[in-house]
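What follows are several structures.
Shared between the two complexes below is subunit A, which has subunit B as its partner in the first and subunit C in the second.
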Partner chain A sequence: MINIKEMLSSLSSLMSVSGFERYDKDRLLSLISPYFDAYREDAVGNFIFIKKANNEDAPLMLIDTHYDEIGMLVTDIKDNGFLSVTNVGGLDTRIMPAAEVTIYGKEMLFGVVDSTPPHLKDPKASKKLPKVSELLIDTGYTKETLSKIVSIGTPVSFYPRISELEGGYLVGKGLDNKACVAAAVSAIAPLNADSLRYNICLNLSTREEIGLVGGKVGAYHIDPDYAIVLDVNLAAAPDAPKHRTVKPGAGPSVSLSAVTDRALTHHIIDRAKRAEIPYQTVVETVSTGTNADVIALSRCGVPTAVVSVPLKGMHTYTEAVSLDDIEKTARLLREILTSEVPK
Partner chain B sequence: MLNTLKKLIKISGVSGREHNLAEFIKTLLADYCDRIERDTLGNLIAFKRGTAEKPKKVMLAAHMDEIGFMTTFIEDSGLIRFGTIGGINFNAAAYSEVVFEQGIKGVLIPDKSVAPADYKATKFYVDIGARNKKEAERRVKIGDCFSLSPSLIRLCGERIAGRPFDDRIGCAILIDIAKKLKSCPDDVYFVFTVQEEVGCRGSKTAAFTIAPDYAIAYDVTSTGDMPGADPMAIKVGEGAAIKIKDASVICDNRLVSLMQKTAKENKIPFQNEILTAGGTDTSSMQVAGNGAVAGALSVPTRYIHSGVELLDIKDAKACSALTLALLANGLD
Partner chain C sequence: MNTEHFHDLNLIEKLSNTFGPSGCEDSVAGLILSQISGFCDEVTTDKLGNIIAVIRGKGSQRQKLMLAAHMDEVGFMISYIEDDGTLKFNTVGGMDPRVLCGRRVHILNSSRIIPGIIAAKPIHLQKKEERKEVTPIEKMYIDIGASTREEAATLCSPGDYATFDSEFVIFGENLQRIKGKALDDRMGCALLIEVMREIYDENLPDNLDLYFAFTVREEVGLSGAVTAAYAISPDYCIVLESTAVADIDGVPESKRVARLGEGGALSLIDNGTIYHRDFFDFALKCAKEMNIKCQIKQYISGGNDGAHIHKSKSGIKTIALSAPTRYLHSSCCVADINDYRTMRQLTQALIAKMPF
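Then we have the complex of A and B:
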């Protein structure tokens, strides 16, 4: 069995800002390839891992877990040696002042986002949040030196650091969606060809955070019979509305939505009940905000369901996920892959 | 046409939940086509073979789904909270009767402290008369869909008001065409699509499967003939609306010209439609797969997405007659 904590810690440390997912490709492959029969890539850089069932005619199941993470790109190197950036995906500037970042230039550089101390702040100054374009990253280097290492377009990510919260929570950056990558790999790893009811394509899809790109392209050429999208979901926090969140530590959530396939979704819920795996349902009326929205409409249509891992603090450098939720998600996925969808 | 419409509006079909409606339409069409089946997303596709040696493929599409609501949360009090599916006009929906797909009825009520200008989904609830959460949960589950109750009233002449005419009137037109179509050169696919109201989804996959040469959508369109309406040269009762453009598509002008010419030759009343907001299945059929020559025929309708959508059955009949004339000669 895979040690989920170790796997997720390793995955979190990999740089995978949307569009730059290849950066740590070798380390990614060494983590995941051992558990699969084959591997291929496509035009948009999707990492596709294949595991075959004994029955060649078994239906093809696409499991889509996006691998990219939000981040930034350098837009300018200022005279004083500071870097300005633009966002890749949904970046919340509330959390940016004083954040620690890594700049992936010719060398990896450490940086901190500039923040004005309260002593120096004009009390009458605007309380408005800074725009992304107003953020400045301090590296300590002069412009001259920095220009040799960093160029416009260099990706920047939150500083990779894993810590823990009481109660079995792992905390770090990029757990959206590497928590689900860990769940998928740990579900599939122990399965052998005899037990699989499907031929499996696990797509660690790229560029989800900037428009569901990898999910869409992957579904088109993989052309699956079924698809399950694993993505994180907003976990309840003290100040968040109850009906829009899921409970952390209460198991995976299954999406009820117009875009997801009801028969496949009911099958998943049925397997969870039979195997006594705690689960929750979440209503996402029209669309799920995940790759499922494009996979379901690929070609002639693909029966698609969404299973999610609750995540606290989404799109921050202190995203928190329950290891127990990941383990339960993996168990549920294993139940699905070893049973047939009723006709 | 009116009798078919009366039957079609009685069956619930909120986007994503069109199953029962599809099965009903299937029974209506079984005797009038060569093949009828449902696809992965739930589109109903009825096929009628053409007589030409190398027939072209014509796809006629009307959407089965209607706007509605999905249950998200049940309060301890037994009141039901929901999310919206499609473009709901809450000013028009407040204090209306609703019906769940399993037949349970309720009323849709705004929070008393909220002014009509601030109406939105989170300020509304459904009261099914349950005394508490437990009683409500016996009847309604999270994820269950509901909609404003169907209705149909006869007004002056052949005008009617009620819901959901968007787009059961399109479905009624397609059924009328299928029943009246004798033989024609082209292969005709009558497609009753799903999930139009949430992004023209069904027509995308159906058009990919069928790969039509020509595609025509049948849907309602807005009008400019009421107080406060945006300027628009479309009136209820003035004939089939031949779509030239809406916010999602510019129709193929070869097909538009053919429609106009055929209408004139057959003395079928028509008007030219430019809709500045809103879209139809036309757009997704135009660009699916290798693409298609795409257009649309619309039924001018006042008060769309309310409980009292108003249209003239004569306009729907004109859409049907014009299509039959087009198909008789072949679209090529």
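Then we have the complex of A and C:
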């Protein structure tokens, strides 16, 4: 069995800002390839891992877990070693002043985002959040040296650090969606060809955060009979609406939506019940906000369902996920892959 | 990189990583006491918790020089446990709400550290207006992984202190920059420790008794300095501090306060003190003569223990020498190790030349 904590900690440390998913490709492959029969890539950089059932005619199941993470790109190199950046994906500037980042130039550099000292704050503007374009990254280099290491377009990511909370939570950056990558690999790894009811394509899809790109392209050429999208979902928080969030620590959530396939969704819920895996449901009426929205419409349509892992602090460097939720998600996926969808 | 480069960095790292918000400085005090043991003639801890260590000079006409650095750092205090197990908190010391969301914190309960995260509503659920505005501290909460009040109450209680949980990092060109949660003012503490270790026995001053005051509660009203200055009753005081600077791109030169890498900043005036002009001039001249990098703080901002010390009893000739520090009072204070070193050199030079 895979140690989920170790697997997720390793995955979180990999740089995978949308569009730059290849950066740590060798490390990624060494983590995941051992559990699959074959591997291929496509034109948008999707990492596709294949595991075959004994029965060649078994239906093809696509499991889509996006692998990219939000981040930044360098837009300018300023005097005194400061960098300005633009965002890749939904970056919340609320968490950026005085935050730590890693700059992936010719060398990896440490940086701190600037924050305005009190004496310079305009009391009228004091409630305003900085725009991304106003952020400056302090590298501690001279402009001259910095220009040799970093160029316009160099990716920047949150500083990778893993920590824990009481109650079995792992904390770090990029757990959206590496928590689900860990769940998928952990589910599939122990399955042998005899037990599989499907031929499996696990797509660690790229560029989800900037428009569901890898999910769409992957679904087209994989051309699956079914698809299950594993993505994180917003965990309940004191100031968040209950109907848009899921409960952390209460197991995977299954999406109920007009976008997803009802029979497949009911099958998943049925398997959860039979195997006594705690689960929850979330209503996402006309959009799941995941790759499922595009996969379901691929070619002539793909019966698609969404299973989610609750995530706290989404799109921050302190995203927190319950390791128990990942484990239960993996168990549920294993149940699905070893049972047939009723005709 | 020679080992000398890391000697003082190791000390600053140890001090900066230690848990010590205002009013809860015990761990810092313990570390300092272990570091200075055997390097002074006398050491006492007063009723507030200030550490006062004395090194007596050789001469017969000795005056008293107080060197002050504060042990406390900005932090948080847990104020309430909600039904859902999240914690409400207040800040201890002045903090900008902009540098709080998403940060890791350490909460100290009666026996151990509990990790937490300062959280607020995720971007996906924010309304359009909310995305442009700073989240007020009242709307933030600390998540410790508990899902009920009962569960949270087994881990911490209202009144428990917290600080940022932030790794110490050495970075930048030639590894000259340091980042830590409590450089303000553990750099000052490290400086005092190093000066004591270098002076004791071998390099005693002639006509000075040196009083090293490691003060408490600077960040919440400079309380420690009040009693320390009273007890010591010095003739002179040098406050060793950090000062917030804005030497960042786009800020007008006149508003940058001071610059990293240009040496310690000597203050003429700040929000709490007009410093003793002759003492200031003496320090500046000493720096020039000894060729020690030093700059003058340019902008009237901030304040420190000097605000109380200079008007203690009949008045005390006071100056402040500060390490220029970016992003002060955040989890990521950034300073330049060379500034710290020039401050140490200047402090030693002043001790050798005083009284003036």
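One rule holds in what follows: the second predicted complex is superposed on the first by the 337 of 343 C-alpha atoms of A that agree within 3 Å, B and C clash if a C-alpha of one lies under 4 Å from a C-alpha of the other, contacts with A are read in each partner's own complex, and residues count from 1 in each chain.
The rule is simple: contacts are C-beta pairs under 8 Å (C-beta built on N, C-alpha and C of every residue); 3 or more make two chains touch, one makes a residue touch a chain.
What you see is a predicted model, and the numbers here were worked out from it, not measured in a lab.
Q: Have a look at subunit B and subunit C on subunit A after the superposition and call it: clash or fit.
A: Partners fit side by side after overlay.
Q: What is the contact status of A:Ser133 with respect to subunit B (first) and subunit C (second): first, second, both, or neither?
A: A:Ser133 contacts neither subunit B nor subunit C.
Q: For A:Asn54, decide between first (touching subunit B), second (touching subunit C), both and neither.
A: neither
Q: Applying the touch criterion given at the start, work out whether A:Ala258 contacts subunit B, subunit C, both or neither, answering first, second, both or neither.
A: first
Q: For the three-chain arrangement built by superposition, which of subunit B and subunit C touches the greater number of subunit A residues?
A: The larger set of subunit A residues in touch belongs to C.
Q: Using C-alpha centres in the superposed arrangement, which angle lies between subunit B and subunit C as seen from subunit A, in steps of 10 degrees?
A: 130
Q: Tell me the contact category for A:Thr285 with respect to subunit B and subunit C: first, second, both or neither.
A: In the superposition, A:Thr285 touches subunit B alone.
Q: Under the stated touch criterion, which partner chain does A:Met314 make contact with: subunit B (first), subunit C (second), both, or neither?
A: It touches subunit C, and subunit B stays clear.
Q: Now for A:Val112: first (subunit B), second (subunit C), both, or neither, which partner does it touch?
A: The second partner, subunit C, only.
Q: In the superposed arrangement, which partner chain does A:Gly301 touch: subunit B (first), subunit C (second), both, or neither?
A: The first partner, subunit B, only.
Q: Between subunit B and subunit C, once the two complexes are placed on the common chain, what is the minimum CA to CA distance in Å?
A: 14
Q: Residue by residue on subunit A, keep only those touching subunit B in one complex and subunit C in the other, then list them.
A: Correct list for subunit A: none, the interfaces share no residue.
Q: Contact residues on subunit A for subunit C in the complex?
A: 78-82, 90-92, 94-95, 97-100, 109-112, 114-120, 126-130, 136, 138-142, 145, 161, 163-169, 171, 234, 236-241, 244-245, 248-249, 289, 312-318, 320
Q: Which residues, counting only subunit B, touch subunit A once they are in their complex?
A: Interface residues on subunit B, with respect to subunit A: 14-17, 39-41, 69-73, 81, 83-86, 142-143, 195, 198-199, 201, 204-205, 208-209.
Q: Flag every residue of subunit C that touches subunit A in the complex, lowest number first.
A: It comes out as residues 82, 84, 86, 94, 96, 98-99, 101-104, 114-117, 119-126, 131-135, 139, 141, 143-147, 151, 155, 165-167, 169, 171-173, 176-177, 179, 244-251, 255, 257, 299, 301-302, 326-328, 330-332, 334.
Q: Can you list the residues on subunit A that touch subunit B in the complex?
A: My answer: residues 242-243, 256-259, 261-262, 281, 283-287, 296-303.
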